[in-house]
Amino acid sequence: MSKTIKKIAVLTSGGDSPGMNAAIRSVVRTCAFLDVECLAVYRGYQGMIEGDFVPMNARSVNNIINKGGTILKSARCEEFRTPEGRAQAHQQLVNAGIDGFVVIGGDGSFRGATIFNKEYDFPVMGIPGTIDNDIFGTRFTLGFDTALNTVVEAIDKIRDTASSHNRLFFIEVMGRDVGHIALNAGVAAGAEEILIPEENLGLERLLDSLKRSKKSGKSSSIVIVAEGDKTGKNVFELKEYVEEHLPIYDVRVSVLGHMQRGGCPTAYDRVLASRMGVVAVEALLSGKTNLMVGIIDNEMTLTPIEEAIKGHTKIDRELIRVSDIMTV
Amino acid sequence: MSKTIKKIAVLTSGGDSPGMNAAIRSVVRTCAFLDVECLAVYRGYQGMIEGDFVPMNARSVNNIINKGGTILKSARCEEFRTPEGRAQAHQQLVNAGIDGFVVIGGDGSFRGATIFNKEYDFPVMGIPGTIDNDIFGTRFTLGFDTALNTVVEAIDKIRDTASSHNRLFFIEVMGRDVGHIALNAGVAAGAEEILIPEENLGLERLLDSLKRSKKSGKSSSIVIVAEGDKTGKNVFELKEYVEEHLPIYDVRVSVLGHMQRGGCPTAYDRVLASRMGVVAVEALLSGKTNLMVGIIDNEMTLTPIEEAIKGHTKIDRELIRVSDIMTV
Amino acid sequence: MSKTIKKIAVLTSGGDSPGMNAAIRSVVRTCAFLDVECLAVYRGYQGMIEGDFVPMNARSVNNIINKGGTILKSARCEEFRTPEGRAQAHQQLVNAGIDGFVVIGGDGSFRGATIFNKEYDFPVMGIPGTIDNDIFGTRFTLGFDTALNTVVEAIDKIRDTASSHNRLFFIEVMGRDVGHIALNAGVAAGAEEILIPEENLGLERLLDSLKRSKKSGKSSSIVIVAEGDKTGKNVFELKEYVEEHLPIYDVRVSVLGHMQRGGCPTAYDRVLASRMGVVAVEALLSGKTNLMVGIIDNEMTLTPIEEAIKGHTKIDRELIRVSDIMTV
Amino acid sequence: MSKTIKKIAVLTSGGDSPGMNAAIRSVVRTCAFLDVECLAVYRGYQGMIEGDFVPMNARSVNNIINKGGTILKSARCEEFRTPEGRAQAHQQLVNAGIDGFVVIGGDGSFRGATIFNKEYDFPVMGIPGTIDNDIFGTRFTLGFDTALNTVVEAIDKIRDTASSHNRLFFIEVMGRDVGHIALNAGVAAGAEEILIPEENLGLERLLDSLKRSKKSGKSSSIVIVAEGDKTGKNVFELKEYVEEHLPIYDVRVSVLGHMQRGGCPTAYDRVLASRMGVVAVEALLSGKTNLMVGIIDNEMTLTPIEEAIKGHTKIDRELIRVSDIMTV
């Protein structure tokens, strides 16, 4: 039988994403609403191991719903991967009287949580916070919508200068293992071609596509490339390749980089974060554990963390088709 | 048996919404991709009646995916509500050799389309373009996501000045019949209270909520009010009411107005528009008619237009609960 | 001989404006850099009278340079207009060991400062923080550039919908006594006509201008109206007037309102605020008093506060001419 | 005696910058207002050599005031650097009956214009359009304000993630020869250190500054690096250097790249462009030639092009001091 939960901890872990603060706020305020104590853990699992806890009340999270990053700081923590690290973390939680925690992060953070849950039968709940949208069990992860808009706004700017100079641009966006950002941004920004980790359409196809585009009278072209693009070439190598094989373009490269992780969260990410925090706390209080909150068809769902981290979400193959049609 | 479709018209009708241009682009390019002729109709049904048509090719819609408004102009058209008006429109379509049309608009525009379809057995397909998100048969309408973000950004700005002066703000947002914008914006912007057309929680509750907020130490408060708010009071009357019954606040009013309809569409609205245009054209070509394209759980759907216009979508009651918890 | 300044207070007063936080940060950090103590006064002169002071160090102002509003809160204070109020304020400053203060605000705030300076021979320095840009002795006030961009972005959005529907819009912007925002925003947004407090071109001219615009083939028109517009008609009355005298337009109205005061300050306002804070503190330390920091031709200047509040800055008549030419 | 000017050409040349379209619009409309014919030259001097001209009227430039890039396209043109190329360009201008031209561009474009003016006694007028703000004879060039805001918004986003992870970021911004963007963006974004082409403060100073910052309790740091930074190290080399000599930081790099050139122009750039276009046309009509329009202390000025291209504008040394104080 599960112990009554009277004190909950909340932490952010791994890479940060926009909407994490809104989720922290939601967890803290739901605790306040339900008269449960809430502690914040600073710097992810590292802070848990070190007992870096601070009590939170409803007012502690004023004015953070629209802030990028995470006020609790985040970190990747090697120590928590060891039994010794987790033992120390457990001791700290016990000392502080914490009965369960909500971790906001990606699959690495969830892996730690589920191991911890198993080892110590400790109630844990996950909220998927990552811009990559690669977590199984939820249509959208926190931060994906914001990152996508950041990318699209940057491409819009680059397009201004691309079309003023009849240039071809290779633009690298985040996504080592999944192409969600690349594919959606490519469609939203009207990219000529989109290179993603999920499939290799071949460099021949790229050249054909660029030739067809030039022929059709387009004055400039944008190719979106996910970090983990399956061609195996990064944007600089792609530039060289095209300059060598199709010397009709003035080719430029842009790597969007870390700005994709920051920024004021969109309305969608703020609403999603608010909903997820409520569900996470209520699930813990009702005795559930080792689950991840998700959203599917606009309904809140709970998925066993172990399933959530098993595989990546599939990209939307229909979007590849839409992209092909749009670049007619 | 349905006639083969060789020429498709596209028009925007009713109030404009961000993403309409992206949808026009998608319809035009899908036609080009599938070797179907495409004509644009200017100024909605009015232009149809007057035969204000222009041929479109893939290049006609360059550089519009990120533009607000509609390059085809839009209008509300009384004449199309009469049998004579529709007869004339039909004649114009026949004269121009048009075999079917895609109308991008709201429920008024769909009502016209379905009547027209019945009268003349003319193939029509609808794409829901309205910021209100009030169309049955789709989770999201084109423009809703953009309008929501516009509203939230405006409220963020007002909050800056509200919290600098310890003020209470009533902010009116669009939504005569449905409270989707108000409810989502209220949660996303951390509003103290949200007044919507769907339910009247009573003015007593508003006063209680404001008193509790003041007591809890909050320095400022924001109340979001949908145009069609059920209390029957508009923002100016609400201001007076609160000043009379709770004279502890410096109360201000802001009506966001028409800026909510404009602006560069978000990534989501651009992707949605691109997907919807493809499905609309393909559905017409496959012999389907009198349907509206929608998105449910991220899958494209087709709903009989007559069902789509029967009733408004329900607001998400869970969001009301989330809002209550967040304002603890 | 002036007393050595060892402790400086900083406050914001009157209407808030974007950049105030950046100016607070600059005053605080310049004090830290020069080893002078710094106290913050909350809620303007009201907080001064009540002794609502908090010590500040360099870290107290982390992460505020890009925040709208003012972390010190602001207020208009009737009590400070009385000798008794000022006497109490003086006592509080003396009790706290404060040797001089920097007030960030508009002409009302400066009026109080200069009277206080005379009565108590107390060192004061002003930083012009107001979106109206109406202070003599500086080319730009803090917040003007941000407010102007906020207005222009809103008009860009309204133009999307205006041109989709062939409409005429009257848009009210801030500016009771001066038309700087209206005039600059009107030119930047390509308005058809701009109505300002400084001169009454007559309603006839407005009608002529709108007729000419319609005739020239423009599909929509935007008229910017400053709050204190000299025609004496507000936007709603102007709408009625035009509908009566020129019934060829579908006329709409938008009042931009308080969102103009908020928002993340532009780069220009942040740099200006940083520069002004340094000069204000250094001037106080060098024994100067009763001056306002300004910028003229990109150089920092000091103007006697009494001169700064004497009259408003003139609008740039050349801009009226530019606007006339642009609407050809 | 100068010939009467009856037909004016306008072109954009060299790297594009936001505000160029607003300047084109202003030149075209001023011509329309003054009943002078106006032709657009496509693709800069290349289009001039090829006679790629299009007549413009007031309506040709509708809805471009807020668009980034240049609708006339731009290019760098080697051929115009040769006497033969210029001879051909002159012939084209003569054939088209053009009496003078306005070139919007940077110092390379001006160099061509002034040589052309000398060789053919052909009336030319320059408008400084470049994001670098490096043209002598004007306080601000077209596009600088927009680029600066783009950079600052990107850094704000990077700061979110930097401070969530206690990281040090080197951010490369544009500026091969001048550090205006770097210096202003650094102050506006609260950078720890700013490396510019104008002076080499030494890598020792950088390390000291970073050590001091760490010691003072700052959790993250941002260093802005202009492309042409005097240390001779690019951002990747700086990262390596710091990792080797100060291994207390998790160091990351971001190169902002071409997005800095694009985007919707700010209010300031739109107003400036509108003013400059008027002055350029009026100056040509009054018989002046070989001058560049500029703005100094908010007044329009005319500077001989030969002086304008002689040297770069000096950076504002006071801003270096302000930056030092702000990073206390």
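For reference, chains read A, B, C and D in written order, and residue numbers begin at 1 within each chain.
Here is the rule we use: a contact is a pair of C-beta atoms (placed from the backbone, for glycine too) under 8 Å apart; a residue touches a chain by one contact, two chains touch by 3 or more.
Just so we're clear, the structure is a prediction, and the values are computed from it rather than from any experiment.
Identification of common neighbours of chain B and chain C yields an empty set.
With centres taken as mean Cα positions, chain D sits 36 Å from chain A. Look at where the CA atoms of chain A average out and do the same for chain B: the two points lie 28 Å apart. Spacing of chain B relative to chain D, judged by their CA centroids, is 40 angstrom.
The residues of chain C that reach two or more other chains are 156, 163, listed in rising order. Viewed as a network of touching protein chains, the structure reduces to one closed ring of chains, two contacts apiece.
Chain D makes touch with chain A in their complex at residues 12, 15-16, 18, 20, 67-70, 73-75, 150, 154, 156-166, 169, 219, 252-263.
For chain A in complex with chain B, the residues that touch the partner chain are 25-26, 29-30, 32-33, 58-59, 62-63, 65-66, 139, 145, 148-149, 151-152, 156, 163, 184-185, 187-190, 216-218, 264, 266-268, 270-271, 274-275, 278, 296-298, 300, 316, 318-319, 321-322, 324-326, 328.
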